[in-house]
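Next, two complexes with subunit A in common: one pairs it with subunit B, the other with subunit C.
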Partner chain A sequence: MSRKLPHKDVVIVGFGWVGSIMAQELTDEGLEVIAIERGPWRDTATDYPPTYDQDELRYRIRHELFLRPDQTTFTFRNKMNQTALPIRTWGAFMPPNGVGGGGVHWNAETWRFLPSDFVLKTHLTERYGADFLPSDMTIQDWGVTYEELEPHYDRFEYLCGTSGTAGNLQGQIQEGGNPFEGPRSRPYPNPAQPQPFSHTLFGKAARELGYKPFPQPSGNMSQAYTNPLGVRLGPCTYCGFCEWFGCGNYSKASPQTTILPVLIRKSNFTVRDNSEVVRINLDPSGKTAAGVTFVDTSGEEWEQPADIVIVSAYAIFNAQLMLLSGIGKPYDPLTGEGVMGRNFTHQTISDAVGFFDNTKFNFNPFIASGSIGMCIDEFNGDNFDHGPHGFVGGGYMGQVQSNGRPIETTPVPSGTPRWGAEWKAAVRDNYLSSVKPGTGVHGSFYSYRDVYLDLDPIYKDRFNRPLMRMTIDFHDNELKQNAFLTDRFAEIIQAMGAKKVDKEYRQGPYDITKYQTTHLCGGVIMGTDPRTSAVNRYLQSWDVPNLFVVGASAFPQNAGYNPTGTVAALAYWAAAAIREQYLKNPGVLIHA
Partner chain B sequence: MPRHSGASGVALSTLVALAFCTSVSPRAAEKQDAQDFTQIERGRYLTTAADCAACHTMPDQKQPFAGGRPIETPFGVIVAPNITPDRETGIGTWTDDEFDAALRQGKRPDGSRLYPAMPYPAYTKMSREDVQDIRAYLATIAPVHNQVEPNQLPFPFSVRAAMMAWDALYFQEGEFRPDATKSATWNRGAYLVQGPGHCASCHTPKTVLGGDKTEQAFQGGVIQGWFAPDLTNDKATGLGSWSAEDIVAYLGTGHNASTAATGLMAEVVERSTSKMTKADLEAIAAYLKDQPAAGHTATAVQATDPLMVAGGAIYHDVCSACHAIDGTGVPHLIPSLAASPSVHSTDPTTLVRVTLSGARSVATDQEPTAPAMPAFAWQFNDEQIAAVLTYVRNSWGSAAPAVTAHDVETKRVELKTRGEH
Partner chain C sequence: MRLRRRDFLLTTAAILGGSHIALADSISGSLPWEPDAGIPPERIKLGSWLYFTSEEARTVEALADRIIPPDPATPGGKDAGCAVYLDRQLAGPYGSQHGLYVKPPFLKGLKQQGPQTEDGPAQVYRKGLAALNRYSSQGQDGKVFAELTGERQDEILKGLESGKLQLPEADGQAFFEALLKDIQQGFFADPIYGGNRDMVAWRMIGFPGARYNYRDWVNRHNERYPLPPVGITGRPEWTPKKS
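Up next is the complex of A and B:
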C-alpha cells in the first residue's frame, strides 16, 4: 500500500539532461516541480573531484557511474525466433544512473541533425522512389522540422557553451565549418577547441582529398564561459578522461555544470534521489495521468500526485514504464500494429586504426578532450547520392581520438600476437604513433519491423515486473553503409601518411558485449499519426494528454550523429509547447 | 505542531497568554507599534547587516532566531540563545531598555554579563534607535518555544561575574561618532564595519583573554579553525590589491575575479552581505580602502630550497590544471593563488585547512555556481602539503613564511577532532 505525498504541478521521472531542462523551464513558469531519480545525487566536488576522477580502472573498466545490472537490466536477442537472455554486464551501451544521467559521463559531442533527417521518409522517397528502401524498413518523418527546432538547438548550445565553428550562418556557408549543417541563427557560443597533432593531420589529409573538414562541436570548453543562467564553466584541460567519467574541472557541459546550481536554489523545485518510479498512475477514465508511484531504498512505496507527468529517463526505460503502465498499444512486429516499443534503434559504429612510423610521428594521444576531433560530413544522411550504392543513411567520420588512457589504449597492427613479449614491444612501438579514433565512423541506424522493444515473457525485476526485452540486429542496409563509410575513412587515414591501416568494419550479428555508443533510441516515437507513433510532435502522449515522454525514445530512427543535441532541443521544444500552449488550455495539443 | 517541543497544551497556553497579554505587557507602555512598517523594515535590514542569524539561527534555518547553535570560542562552547518573542524561552518579556542594554552594554536583564561571543563591543557603536528597530523586527517573527542554556563553558569561564573584569579591560561603551573630515559614504562604511557588521569580531586578532588587539585592528585572526584574513590594505596579505569594486563584488556575490568566500565567510555572505544594498557595500569598500596597510613583510623562500622544488613538482602535477601554471586560476571560478590574500596570510590556517579538507564556495543568486576545492588529506602527507603550500606562498612574485609539516599535522589532528576529515 503506497503512501500519498502532497500534490505537485509536475512530476519528472528521470533527472538527466531532459529532466533538468524540463524542470528549469517549468519552474520558471512558476510551477511546483518534483523530479524523481532512480540513482544517487551527484556533484562534482563529492563524486568525481579532480583528485581521483581520472581513474580508468574505477570509472571505465568497473563502470562506477552506471546503473548496476543487479538493480535492473534488459534481456537481449538478435532475432524474433530466439529466446532472449538477461544482460549481466554492460557492453554495447552504458545505461546511466543518478542525477545528471548520461550528461555526467558523456563526451559532450554536441551535434544537430540535418534538416532532411527530420523528414527522412518523405525526402528519401521523393529522391530515390519508395522501392529504393528495404521493404522491412519502417523509417518515418518526425512531425517536427529542423527550422522549428533551430531556436531550441541554439538554447542548448548556449546553455552548454558549445565550442565549434559555424558552417552555415543564416544560409551563408562559412569557411572552416560544416557546410552541410542546417542554417544556424548565430555562431557557437565558444570558438572550437584547438586540435592536437593527429586531429590536425586528419583535417589536412581530408582537405587534400577534396573534403571539407571541420572541428567537432564540443561541450568541452575552449575557454572560460558563463552561460545565460549565470553558471560558470572553466577551460578544458585536455586531460583525456571525459566519456565514462565526470569532469572534475567544471569544463564539460552537464546538468551539474549548467543548470542544477540555479535549479536547486528555487523554492518550487525538489528532487528525490535513490527512488525508482514503478508506474504511471491513471485516473479511472484511463485518459489522465494522476501521478506516479515510486519505491525508495527502504522498499517503501510512495504515490506522487501531479497534474503533468514528464517521463525523461533513458530511452529504453521510457518505453518500459509506458508498457508497464498500460499506456499506448504495445507494438506487434507480426502485424506491424501498435506503437509502444516500435522503431527501436541504436548506432552503426566502426573504426580504422592507422599505424605510423614512430621515428617521424609522435601524436601524444593522451592530450585530448571528449569531443576533440576533425570531422567530415560528406557521407552523412543524404549529403551524397546513394543511388549507385544501394543503401540509405550515413554518418560523420573523423579523427575523434578522445584519450590515450593506459588500460585501453594499446593499439597494435593486425598480426601481432595477443600477449607476450612481442605484444608488449608492439604496444611500446605504436602507443605514441598510432591513430585510434574512438568512433571514427559514426553511422545511422534506421528502423525496421523486427527491431523493437517488448516486455520479456520470462525474466522479471525485483518488483516482479517483466524486464524489457530488446530484439535487435543489423540489417544489410546498415552493414553496406558501414562498409562504404569505413573504406572512405580508411582512405583519409592512409593519406595522413600511415604505413598500415587496419579497418574494423561493423559486422553482424549485433553484439551486446562490444561498446558502440550509449545512443539507444526509439520505442516511444514521435510522429503525425497515432497508429504509427506513441507521442505527437510535442512529445505529448496521444492517449494521455497530461503525459509527455521526452528523450531519444522519441526518435523514429537514429541519424548519423550523437543524439544529445537533438534530445535537448526536443526537451526545450516540448517545454515551450507546455508553457505556451498546454498550460493555457490543458488537453490534447494535436487532434489527429 | 512538532516545532513546539513541549506538550501541545503548554504551547497552546503560551500562545493564549501571548495574545491575552498584548494589551497589558510592558511593551505596550513603550509606544511599540506592531504596524510601524518603516521601523520593522529598517530593523529587518539591520538584523541582516548585523548577521544575527549567523549565531541565533541553526544552519538548517528551520526555526529562525530560535537559537541553539553552538559557538566555538577558545574558552569553550557558548550556545546562542533563543531571541524569538517566545515569552518563556525567548525574549518576549524583555523591555526596550533590557534589549538595548544587552546589545550595547553586554548586560543581561538580571544585570549579569554577556560573554563577548555576543558582539556587544561592536553593537555598542549602534544608536539606540537602530537597536530598537532590530527589536521591532524581532518582535514580529514567529515565537519558538526552544529552551537553550547558553552558558556551557567550563569553570572558571562559566562564572559570568568574571566578565566584569573583562569588560573593564576590553569593552569601550559608546556610540559611533562620525568623522566630519570624511565623506558621508566613508562614515556609513565605518559605522557598518565597526558597528552592526562587527567585522573586528573575527578579523582583529585577539589577546589570550579574547580581547581585541586594537593596535592590530583588522589584521586578521584565528576563529573556529579558520584564519579570518587581514582586511587592511596590505598588498600581499590584505585587500591592498583589490579595488573597491572587488570588495563590493566579493561581499555582494561571494566571488570576485581573484577569490571566493568559503567557510565562515560563506555564511556571512549568504545570510548578510549578499542581502545588503549596493550603496552600503560601496560604503564598506570606501572605508576599508581608506585604511592603512598592515605592512607585513616576509622574505621569499628561495626557489632552490628543497621545499620549493618538491612543492613546485606537486603543484605542476596536481594543482596547475585548475589554478593554472602561473597561479592565476580562472576568474570567478577557480581562485587566483597569486592574488588571493588567504594564500599569503601570516597565519596559514585557512590555506592548510582548505587543502586538507577541501572547501565549497558560497552560492548566491548572482553567482550560483559554487565551485569547490577537493580534499587532499588522503592523498598527500604532511611534508608534501607543507611543500606545495610553501611553493604557492612564495611563487609568482609573492613572499610568505614557509608552511611546516608540523603546521599541517596540527591542523590534521584538529580537523579529525572536528570530524571534518
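Up next is the complex of A and C:
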C-alpha cells in the first residue's frame, strides 16, 4: 500500500538538466512543484571537492557518480532473433544518477543542431529523392523548427555562460565561427576558451586544407560569469578532469552551478532524492495522469498526486516508465505500428590517433577542459553533397581531446605489444607527443525499423520490473558515413605533422562494451502524427494531455552533435508551451 | 529527522568505490549543507595481504613485472606496488562486483554483449592464479610461475593472450585480460591506492598529477611543463617520515 502525499500542481520525474529547467520555469509561473530523483543530492562540497576530485580510478574507472547496474540496467542484442543479455557493467554508455543528472559530469559540449536536422526527412527527400534513403530507415521531421527553438537555445547558452565564437549572427557569417550553423540572435555569452597546442595545431592544419575550423562551444567558462539568474561561475582551470568528474571549481555549467541555488530557495519547490518513480498513475478514464508512485530507500511506497506530470529522466528511462505505466502503444518492429520504443538511436563515433616526433612536439595533453577543441563542420548533417557517397548523415570532427589522464590516455602506435618492455617504452615516448581526440569524429545515428526499445521478457530490476531491452546494430549507412568521415579526419591529423596516424573506424556489430558517448536517444519521439510519434511538437503525450515527456527521448533520430543543447532547448520550448498555452486552457495542445 | 549523511555513508561505504547509498530525503528552502560532508579517499595501508595468499601474491608480483618490466629509469610493476594495488582492489567492492548487475540467468552470449559470468574479479583471480601455477608446476616446467625465467613467463603470457594456451579449469584469456587491465590501471592510478608508488609512472611519462590549475599554461605551446607530479595527498617529501 502506498501512502498518499499532499497534492502538487506539478510532479517532475528525474532531476537533471531538463527537470531543473522545467522546475525553474514552472515555479516562476507560481505553480507548486515537486521533483523526484532516483539518485542522491549532489554538490561540489559533498561529491567532488577540489581536494580529491582529480581521482581517475574513483570517478572514471569505478564510475563514482553514475548509476549502478544493480539499481537498474538494460539488456542488449543486435538483432531481433537473438537473446538479449543484461549489461552487467557499463561500457558503450554511462547512465547518470543523482541530482543534476548527466549535467554534473558531462564535458559541457554545448551544440545546436542544424536547421535541416529538424526537417530531415523532408530535406533529404527533396534534395536526393526518396529512393536515396535506405528502405528500412525511419527518419522523420521533428514537428518543431530551428527558428522556433532558437530563442530557447539562446536562453540555455546564457544560463550556462557558454564560451564560443558565433559563426552566423542573424544571417551574417562571422569569421572564426562555424559558418554552417543556423542563425543565432546574438553572440555567445562568453568568448571562446583559449586552445592548447595540439588543438591550435589542428585548427591550423584544417585551415590549410581549406576547411573553416572554429572553437568547440563550451560550457567550461573562459572567464568569470554571472548568469541571468544571478548565479556565478568561475573561470576554468584546464585541469583535465572534466568528463566523468564533477567540477570542483564551479567552472562547468551544471544545474548545480546555474539553477539550483536559486530554485531551491523558492517556497513553491521541493525535491525528493533517493526516490525512484515506479509508475505514472492514470485516472479511471485512462486519459489523465493522476500523479506518480515512487519508492524511497526504506522500500516505502508513496503516491504523489499532481495536475501535471513531467517525465524528464535519461532518454531510455523515459521510454521504460511509459511502457511500465501502459501509456502509448508499444512499438512493433514487424508491423511498424505503435510508438513507444520507436526510433531508438545512439551515435556513430570514431577516432584517429596521431603520433608525433617527440623531439619536436610537446602537447602537454593534461592541459585541457571538457569541451576544449577546434572543430570543423563541413561533413556534418547535409553540409556536403551526399550524392556521390551513397549515404546520408555526418558529424562534426575535431581535436577535442579533453585529458591526458594516464589510465585512459596513454596511446601507443598500432603494432606495439600491449605489455612488456616495448609497451612501457612506447608509453613513455609517446605520452607528451601524441594526439588522441577520443570522440574525434562525432557522427549521426539515424533511425531504423529494427532498432528499438521494449521490455525484456527475462531479466528484472531490483523491484522485479522488466529491464528495458535494446535491439540495436549499426546499419551500412552509418558505417559508410563513418569510414568517409574518419578518412577525412585522419587527413587533418596527418597534416598537423604526425609521423603516424592510426585510424580507429567504428565497425559493426554494435558492441556494448565499447564506449562511444552516453547520447542514447529516441523511444518517446516527437512528431506531427500520433501514429508515428508518442508526443506532439510541445512534448505533450498524444494520449494523456497532462503528461509531458521531455528529453533526448523525443529525438526522432540523432544528429552529428552532442545532444544537451537541443535537449535543454526542447525543455524551455515545452515549458513555454505549458506557461503560455496549456495553463490557460489545460488539455490537448495539438488536435491531430 | 535526517540521519547525518556522513554518518550514514561511513557505515555503508567504508571502502571507496562502493555504492554510496544515502537515505531518501525531502529538500526545500535552502541548499542542504553540512560541514565535512564529503568522503575523501582513504590511503591504503601497507602491510600484510588482504586478499591474496602469499603464494598468490608472489605469482601476481611476478606477473606484474612481466607486464611492466623494470628498467634503469623506472621500476617495474612489482616495485611500483601493482600487486598491492590489486590485492586491495580485490578485497574491496571491485573484487566482489559491488554495484554490478549479478542476477541470473548467466547465459553464454556474443562477444559484443559483454561479460556474462557469475564470478567477480576476486574469483577470476583465485581460479586463474591457481590454474596458472598448476599449469606450470605440473606441466613441462615443473616449477610454479614465479620461479620460471622471464623468457618462459613471457611465453606463457603470450599463449594466454592469444588463446593458444588453455589453462586447466579456468578461462585463461579472460584471466589475462583482467590482469593486463588491472596491473596497468594500478600503475597509473593515484598512489593512494597502492600502485604508482612515489608516482613513478607519472614521472616516467611526464604527467603532473592532481595539479588543478593550468591557466598560466594553456597558451604556452610546445613547452615542457616543468613541475614534478603531485598526488591527491601531495608528495612524499611534503610528509615528514615518522621516526
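The definition used in the following text is that the second predicted complex is superposed on the first by the 592 of 592 C-alpha atoms of A that agree within 3 Å, B and C clash if a C-alpha of one lies under 4 Å from a C-alpha of the other, contacts with A are read in each partner's own complex, and residues count from 1 in each chain.
Convention: a contact is a pair of C-beta atoms (placed from the backbone, for glycine too) under 8 Å apart; a residue touches a chain by one contact, two chains touch by 3 or more.
All of these numbers come straight from a predicted model, not from anything done at the bench.
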(Q) Per the contact definition in the header, classify A:G91: touching subunit B only (first), subunit C only (second), both, or neither. (A) second
Q: Answer with first, second, both or neither: which of subunit B and subunit C does A:S533 touch in the superposed model?
A: neither
Q.
So in the superposed three-chain picture, is A:T51 touching just subunit B, just subunit C, both, or none of them (first/second/both/neither)?
A. both
Q.
Let me test your reading of the model: by the given contact rule, A:Q401 touches which partner, first (subunit B), second (subunit C), both or neither?
A. neither
Q. Comparing subunit C with subunit B, which touches more residues belonging to subunit A?
A. C
Q.
Applying the document's definition of touch, where does A:Y250 land relative to subunit B and subunit C: first, second, both, or neither?
A. first
Q: Tell me which partner A:A224 touches in the superposition: subunit B (first), subunit C (second), both or neither.
A: first
(Q) Taking the superposition on A as described, I'd like to know which of subunit B and subunit C A:R232 touches: first, second, both or neither. (A) first
Q.
So in the superposed three-chain picture, is A:V262 touching just subunit B, just subunit C, both, or none of them (first/second/both/neither)?
A. first
**Q.** Set intersection of subunit A contacts, subunit C complex versus subunit B complex
**A.** 45, 49-51, 235, 237, 239, 248-249, 261, 265
Q.
Looking at the complex, which residues from subunit A come into contact with subunit C?
A. 40-41, 43, 45-47, 49-52, 54-58, 61-64, 68-70, 73, 76-78, 82-83, 85-89, 91, 193-197, 200, 235-240, 248-249, 260-261, 264-265, 267, 269-275, 296-298, 361-364, 366-367, 404-407, 410, 418-421, 424-425, 427-428, 431-432, 458-460, 509-513
Q. Along subunit C, where are the residues that touch subunit A in the complex?
A. 5, 16-17, 19-33, 37-38, 40-41, 66-69, 71, 74, 93-94, 97, 99-103, 105, 107, 109-116, 154, 157, 161, 180, 184-185, 188-190, 193, 201-202, 204-215, 217-219, 221-225, 232
Q. Once bound in the complex, which stretches of subunit A touch subunit B?
A. 44-45, 49-51, 224, 226, 229-235, 237, 239, 248-250, 261-262, 265
Q | Touching residues (chain side subunit B, partner subunit A) in the complex | A | 318, 321-322, 330-334, 358, 360, 363, 365-376, 379
